[in-house]
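Two complexes come next, and they have one chain in common, chain A, joined by chain B in the first and chain C in the second.
Moving on to the complex of A and B:
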């Protein structure tokens, strides 16, 4: 009886050898925790993906889709629209993140809600709302005419501008949060120190805040760009015939032409293209970081 | 030289025009209803090392932040080099500030950190570099300018912070608990280094700490703060030897406080009733009939061969702890727990001895203190 009590007390006071800090090193089998998600992914993600890749190599699918001028045009559209949306989203997101970071508790809660609202709203709802705002007799045109900037409605809808507006609205939260979290991790005293050393606010931003939030900006850029390349509804609702993106082509091949191997080939082309761009982006960032370290 | 409790050895109006002086006149800071700093008068003379010492919440850091310009005072005036700076933003106050965590810019190397202030002053690249290297050399970091803060040890980071705050020849240096993050040995080493550096540069320093040993070791003058007010101000030895209140005595070093009542006065001597410890004599002021505390530092309490008639009593040993150089005994006598500290080398081998002991002190070593709580 007393023996067992002693045995039980000992590890707490003095860790027995082989354990670090009294915590048992029972590591084997930890991967079993991952089993459910691995099984889920294998069944519902990897298997269909494998089938898709497999079917893309049948019927000369690549040759067929890559010689389609509409496909090439959509690929170019996808890259330019995604790039433009990413730049605008990250810039706007940075401004919003800065305001969020600098605002008081109440203001912060309100702003967070405003930023999150589009997050919780369906993409169709958001896009149609924008379509209503941007149409010829919509709110934006009415205001422009009322303040005398124009005497006839400006064509704001069914063009590339509208697509980018719609996409930026959907993408903003993905830029705001990474940037905000990198801003929030900056020690407030750095700004105080800079101030005591003679820095003006603009120098503090340029030399301290901006470089220290760069990781958040690059993460936001990557995230937003990858999501952008998959946009499908926005070009349909808000774009013109010349603004179709690659996802629209995949849809066209699958549903209008019922050319599933062609659709699969397009999907693979998009995935490979984006992967290459991401790899280049990260290579460039790394080189930039190393240069800065010198 | 004894200083008054309310306005600690300041001479408002006598603005010191010499370079490096800091003066606070009736400076007050409130947050809503809470008074953080209350009508503070303080002068740091050129070349003087002044420490604001107090527990957390005493207003010492707020005071420093107001001098630096990071906090705006509610009323009163701050003067640097004899000129009011109340309307000046921090960047125009020309003060070097070292923060508790150093606040080094993590994306810049040590030299770029040091160069920052010079860059802000639009000093040409070559001169900037030269001065930064010289400043790093001065704090013993020559050759380490290319390292990022995270590649430097805590002590090295602090040196970078010092170099960064000194490189632009500031009027004075403000140090906010700069040694708090260092281990004891390194802390003592840095204390000496900072003190040496300060002396060789002849720069005025306003130093904030809650560490009494640090304050004793470094300061020309200690300003003890409590609840947003200055309780006492003076050279370290004086504040230690002649605390004004029981609170100061117990905050600055260990002490035995025995509540007492003044029975009568004979010239400069007062006879006090120490309750369970009988009658005591103190060389001090005091009003007959009033209640005070008698403070006896543990090193002044001595073992006596027999029961003393006054200034002491008989009690029992509670514990003895050998601290290396000294031995600390705890003794209960007359309803009080007393601390007696003796040098190990002079110990009479009493450690661990239980039973009756006689302790006493010399009247010259007992202080009559105002009760503050």
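Moving on to the complex of A and C:
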């Protein structure tokens, strides 16, 4: 009976939905939706990058570039500046993540907004603000002189210290989120149990919270390091001539020397290094059971 | 005994909490102060850049909006952002819907390709676009800059749209289909209401990415296509001027509005995870 009703409702000649007859329409619609992005990325992402890689293999570019002492210096700068920024960022990020983790819902959203403010603000705006604060007659120097630490303005700008300050300020949000999410996944009862067994707060932190948030710390460290290696603006605005990083060297090759194959070779080196780090980062995320990224 | 209540606070004592708050205060100050001083500096009543300000005046703001070079840069930035937002929303949203609830061989590669622009350092993309747009003869206008911004903005829209689709039961789509709904009406009546918050959030991200982007715009700049950050970057290397301060204040205002919209959205939805569609 019910079968005949169904039969009657279905218009004659139209295939049953869900059987092989109904599928092709869905499948074609789905390809239509993916076509724009695939075409766009093929034309405006893969083609330019492909040309870049292609041009890096001309004129002996890799040998030429990698034997340039300026390049080697900028690679060394990139490594040391990125490492220093990463260590400071992760330390400060851990403090912020702890506070976020311990605060109530509304306070947490407000503090999240505070953390995200530099994330939403452009890098030039942030660097400009730091330049204002750190300049010779800036507020930091005034405070240092007022409390008697120095009787003349200290050079706080156009050196490596300033570059690291500017970079840490940009990088902090990226460190807070992975650390926060690994803290948030810790079972509160662990600390309660430890406390009921007489553990002190310091040892609860050292022996429970710190080890359990370690995956977040390593994810944060890698992410921050990956982002640091590509910094371009901050070394120019806040650093001195000796603080140029690899991105600045690429710019120098491309726009000052107009040596495109050399610039391309450097760009490929940077991209390969970053890609390796990204692969490691994703391993770390998987191992730590975090799924908030990629 | 009273300790065993499930409502017991976070697993640290009150004294430790206070110590932590005290320790974190300078860190939060470090985060906020640079952004907070930008607007007061722009309203400073002085020909020099000073903080704290010596008095309030709109002279610098007026000077900024009367200076042709700066207003042209602002308008170039807005044009590039318009291209990036429109293209980013269209491409990111269609990609997220197209991939929703579907598994096929090669899918991870497609997702990887969509997200890849977030991973490649911008200086590398800048160089690639610079060479590419010269080779196809597209230089001297804002269009290539807008297109380049669209490339890096699209992954953000894809991620926010994908996040809002996570709550959509694919069975809804199938039942709409079995009831005879066409592809367009499924897009309008099933997908659009669900992805709308993600689209808005993604559009905000796309706008913010484009308006702040400096490196690609710097490589592709020309006298007729100099964006606000490029103008700032060029000027800042010589001097800190009140016009840079006003320009910064404009960008901070834009950022604050974007952030406030996000906070309202998150408070209404109660999910802090949505604030940052972070992948690398």
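The rule is simple: the second predicted complex is superposed on the first by the 230 of 294 C-alpha atoms of A that agree within 3 Å, B and C clash if a C-alpha of one lies under 4 Å from a C-alpha of the other, contacts with A are read in each partner's own complex, and residues count from 1 in each chain.
Going forward, a residue touches a chain if its C-beta (ideal position, glycine included) is under 8 Å from a C-beta of that chain, and two chains touch if they have at least 3 such contacts.
Here the structure is a predicted model, which is why all the values come from computation and not from measurement.
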Comparison of chain B and chain C by chain A residues contacted: C
First, second, both or neither for A:144, with chain B first and chain C second: neither
Which of chain B and chain C A:83 touches, first, second, both or neither: neither
Contacts of A:154 with chain B and chain C, given as first, second, both or neither: neither
First (chain B), second (chain C), both or neither touched by A:197: first
Contacts of A:211 with chain B and chain C, given as first, second, both or neither: first
Chain B/chain C common contact set on chain A: 190, 192, 195-196, 292-293
Complex interface listing, chain A residues touching chain B: 187, 189-190, 192-200, 203, 207-208, 211-212, 292-293
Contacting residues of chain A [partner chain C, same complex]: 17-18, 22, 25-26, 29-34, 36-38, 40-41, 44-49, 51-52, 55, 92, 95-96, 98-99, 101-102, 105-106, 108-133, 135, 137-139, 169, 172-174, 177, 188, 190-192, 195-196, 201, 204-205, 209, 223, 226-227, 229-230, 232-233, 236-237, 247, 250-251, 254-255, 260, 263-264, 267, 270-271, 274-275, 278, 281, 292-294
Complex interface listing, chain B residues touching chain A: 68-70, 89-93, 95-97, 99, 101, 103-107, 116-117, 120-121, 148, 164-165, 168
Complex contacts: residues of chain C adjacent to chain A: 3, 8, 10-13, 16-17, 20-21, 23-24, 27-28, 30-35, 37-38, 41, 49-52, 87, 90-92, 94-95, 97-99, 102, 110, 113-117, 119-125, 127-132, 135, 147-148, 150-151, 154, 158, 174, 177-178, 183, 208, 211-212, 214-215, 219, 229, 232-233, 236-237, 240, 244-245, 248, 251-252, 255-256, 258-260, 262-263, 266-267, 270, 272-273, 275-276, 278-280
